[in-house]
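Lettered A, B and C in written order, each chain numbered from 1.
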Amino acid sequence: MGTLIKKDLSSPTRPKITKQFFYRKVIPVLFVLPILLIHMTVVLGPSISSIYFSLTEWNGIGPAKFIGLANFQKITTDRQYIHAFQNNLIWLLFFLTIPIAMALIAASLIAPLKKGGLFFRAILFIPYILPSVITASIWKDLLHIDIGLGGVAARLGMPFLNIAYFGRTDTALLAAAFVDNWHWWGFLMVLFLTAMQSVPQELYDAAKIDGANRWNEFIHVTLPGIRPTLVFMLLMTGIWSFLAFDYVWITTQGGPAGASELLSILVFKNAFQRFNAGYAAAIGLTMSFFAGIIIGIFQILRKRGWEI
Amino acid sequence: MMRFLFPRRTSSLVPNYIIVLLLVIFAIGPLVILVFNSLKTPADAGRNLIGFPREIILSNYPRAWVVGQFGKTLPNTLILVAGTVVATLILSGMAAYSIAKLNLPGSGILTMYMLISSSLPIQLFLVPLFFLWRKLGLVNNLLGLIIIYVATNAPFSIFLLRSYMIQIPSDFEDAARVDGAGEWDVFQRVVVPLAWPAFLTVGLVVGLSVWNEYLLATVFLTKQELFTVVTSYYNFSTAYGGRDWGLTSAGAVMMIFPLVVLFLLMQRRFIEGLTQGGLKG
Amino acid sequence: MNLMRRFVIVLVVATLLLASCAPSSTQAPASQQTGGTTESGQTSEKKPTITLWLDSGGDATQLQCMIDNIVGNFNKKGNSFTVEAQPLANSWDATRTAITGGGGPDIVITPGPSFAYEMAKAGQLLALDQYAQEFGWDKQFLPWALSLGKVDGKLYSIPHEIETLVLYYNKTVFEQHGWKPPKTIDEYLKLVEDIKAAGLIPNAAGNSDWKPADEHYWSIFVNHMAGPQKVYDALTGKIPWTDPDFEKAIDTMNQLFMNGDFMGSLDRYYTTKSTEFLTALGDGKAAMAPSGTWWMGTIGNYFGEKANNSNDWDWVPFPTTDGSPLFTLGIGSTYSINAATKYPKESAQFLTYYFSPEAQSISITQCGIAPAPINLTTQQLKGIDPRRARLIEELSKAAANGQYGYTTWTFWPPKSDVYIYDEIEKVWAKQVTVQDYLKGLNDLFQEELKAGNIPPIPERK
């Protein structure tokens, strides 16, 4: 047998097939392998050990005690968890609408500009490049009661705007979302603008010939033209909104009275402040589950032939 | 007057300019105020945080430079940013090329894996990761942190590069392959130049995320000589914030200023890359 | 090209060889060193280094003073090792993560006995009894304080910085309005109304930069209204936290917060930083500030010429129901030795110096850091602000007479402690009733009591 194979290999047709196999299967894998190995070492391995920790009672310091699914049972009745989850949904709704709308409007306003388009794009992108620590501290002061913008509004005859936005249970979450969005929407805008500028000009010309106004142009040419980018960013927004942490943590730490608590804040507090690292791991896993639902929607869209 | 200034073809764009200008004020106004505050005395800033300084003082800047230890922390941040961006562009670029153009077997599973992993909160794998890194001697090591950053930035980078590469017609690559180029050459000589704008965007996003990253940098770099600009600024702002407003604002301006300048320079190249990308031509 | 490649390989091999040799070459002088320290002046020698991580979140000048004048002094003494103090933001989070990963500093600083307690239980700290005996710590420290660091009869941590809660007030403003510092709770409540009527903020306060500040006020009202004996009984499990006296104390505090008697309104309280409320007190916008003695060393910066006002400050013990003075005690942080350290004895040697009267005298008089629970003579306190001297004197007298209460962050188990400041805001937001709040606290507390997670509570006389 062995000799037969050797003979086959040396025949002129065989190498071609293995070479093809090499090109089709091995080379693509080699291109992916380095980043995949790094990623698995950093994220996958440690995350799997966290799955184990989610089944334990663990104070984050000592040994972990296996307790089965008790942490997940606790989640279903935990008022804090349910409240944080509701806040996450509000956060998701905010980021699926306001930044996307702002970015689409700005991008479609800038796209046709012959003069200053590049300038505006650069300027509007600037907030995105600032460290969260600085952005949050700038806005904490701009939204400061009396000496901030509220004080200015009061002097202009609108005293009802002079409130401590981060200190009220009815405004803290939205104030934190506002600050996060201040740095975020410009980034979205640049991505949309890039996509819009690669929509062929002929399509717009054709639409003009058909007598389309700017709204029709936007709906029938621009939106389909940037659909891969738009859907991709909606998807990423959905995922990221469940991970949002920095801005809330720096501005309100989830307060007051838990009014701006998100699931990520609960994970952090349980892991590092409440000695409930096992419970924190369980909450973290549920966050991944919600993100998984969004990914599922994405997969369905792809199966339906959307190119995203 | 308006007609005169704006000929008929562009006059319909006047509302565009007005709305965009309002957005510009929204985006830049807070930064202008920050610069004003960096020129104020503490007493002045404490009385009003909005508006012009009553008297302009520059002494906040040299003080913030010394107290914030920028001279020591800037090199660390630059090494982290450069290392992560270069490694990400090469490694994520290769992966994106493989998924977009090479019919990678199991690419659906890989996409799924990357999507799911990018939805994991960092706090979930932080402690086990620290344990592992400690064993490997990668704590308090810039390379160790670069590896982490490359991994955490991989999903976004791969997806963005992939979705750009998909739009590139395969004709270019096929032509190169017919000429006898290997896949590495096709990637390096054909795809990278064509997808250059996407690479630049990814480099920008990843570089900034590394420059701005706080949580991992505090946990994995505990030695003072390895502090980054952000971690040391955070130290400094918690120590002086709310009291010495001019000082912390000056520190913030010094952190932002080189960023903004660098961004504007890169932005120009970014735009060049777009226009010369060869997609429209 | 080939030559170049060969050169690179040689270079890499050489580097690897050097790297693998390095540890053995540094080991040799280190082991010689234990024989004698006469050659310590030579630069070629490598001394072992022990590390401690200090939190840089607090007052920067205090921190630098401690590094220069205490750690620096110690290193100048020609010891066989050097101590390296590293300032770190969020040093506690970093310490916990590092130690869980098997590393961390040699000398472990925690935010309080209950944290040290958890770590000791997990086997991450070294038992210190051997060194306590060898270096005479039992004579150096006040006995009640050292007993706080014991877990299952063994000493694991040393308390640092005795803290207590007092009532600061703007003396100038008080004199202008003819107000007298209150002695009883009733006087205090009456004064709050008077101050409000005069158009000032009664209590300067805020938790924007330190969310757990809520528990400072909680500790004050519970101890000073319900009395320390009741608190002791509850902490030892004899009575529940749902006792009507506790309910009354919490109710009184809640009324003040919900009326805006702390900083003007709840939303202002939530968005005010400590530097801001001290400024409000200094400028005379607020008349009083119930808070911790950790401000004693720096509060002067908010008054007089330095702060562009002509005001002065003073303090009294926070009022009690019957008017007798009471000091609610706490420990700001604890010092321990990492179980994984290579240099346990050296670490203990540094701790001995750090808590010596010599170093503590520098710490208190030069750096403005609160005193450690050790015996100090008046000579060693020379030159400090008389108001601080009075505090140290009255505090040790009160502690000896049993006139002390219990701060939540020192004597409560960790989960109950977090519950206290996390959930009280929900009561203020009218989402939870006081009864439900206390019932929740009691359930959690009894659970932790049963698990044995309570730090040792000093017995009452």
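A few notes on this one:
Following the convention adopted for this analysis, a residue touches a chain if its C-beta (ideal position, glycine included) is under 8 Å from a C-beta of that chain, and two chains touch if they have at least 3 such contacts.
As the structure is a computational prediction, the values presented were derived from the model and not from experiment.
More C-beta pairs touch across the A-B interface than across any other pair of chains. At the far end from chain B, in terms of centres built from Cα atoms, lies C. For the pair chain A and chain C, the distance between C-alpha centroids works out to 39 Å.
Taking each chain's centre as the average of its CA atoms, chain A and chain B sit 15 Å apart.
Annotation for chain C: residues touching 2 or more other chains are 93, 100. Counting partner chains per residue, chain A shows two or more touched chains at residues 60, 144, 272. Residue positions of chain B touching 2 or more other chains, listed in rising order: 46, 126-127, 234, 241.
Residue ranges on chain B touching chain C, taken from their complex, read 43, 46, 67, 126-127, 130-131, 133-135, 139, 218-219, 222-224, 231, 234-236, 238-243. Per the touch definition, chain C reaches chain B in the complex via residues 53, 56-60, 63, 86-90, 93-94, 97-98, 100-103, 209, 273-276, 279, 308. Chain contact summary for the complex, chain A toward chain C: residues 59-63, 140, 144-145, 163-164, 166-169, 252-253, 255-259, 269, 272-276.
Listing the residues of chain A that touch chain B in their complex gives 23-25, 27-29, 31-32, 34-36, 38-39, 41-47, 49-50, 53, 60, 102, 105-106, 109-110, 112-114, 116, 118, 120-134, 137-139, 141-142, 144, 147-149, 151-152, 182, 186-187, 191, 194, 197-198, 200, 228-229, 232, 236, 239, 242-243, 245-246, 263-264, 267-268, 271-272, 277, 280-281, 284-285, 287-288, 291-292, 294-295, 298-299, 307-308. Considering their complex, residues 93, 96, 99-100, 118-119, 121-124, 208, 211, 265-271, 414-415, 418, 422, 425-426, 428-429, 431 of chain C touch chain A.
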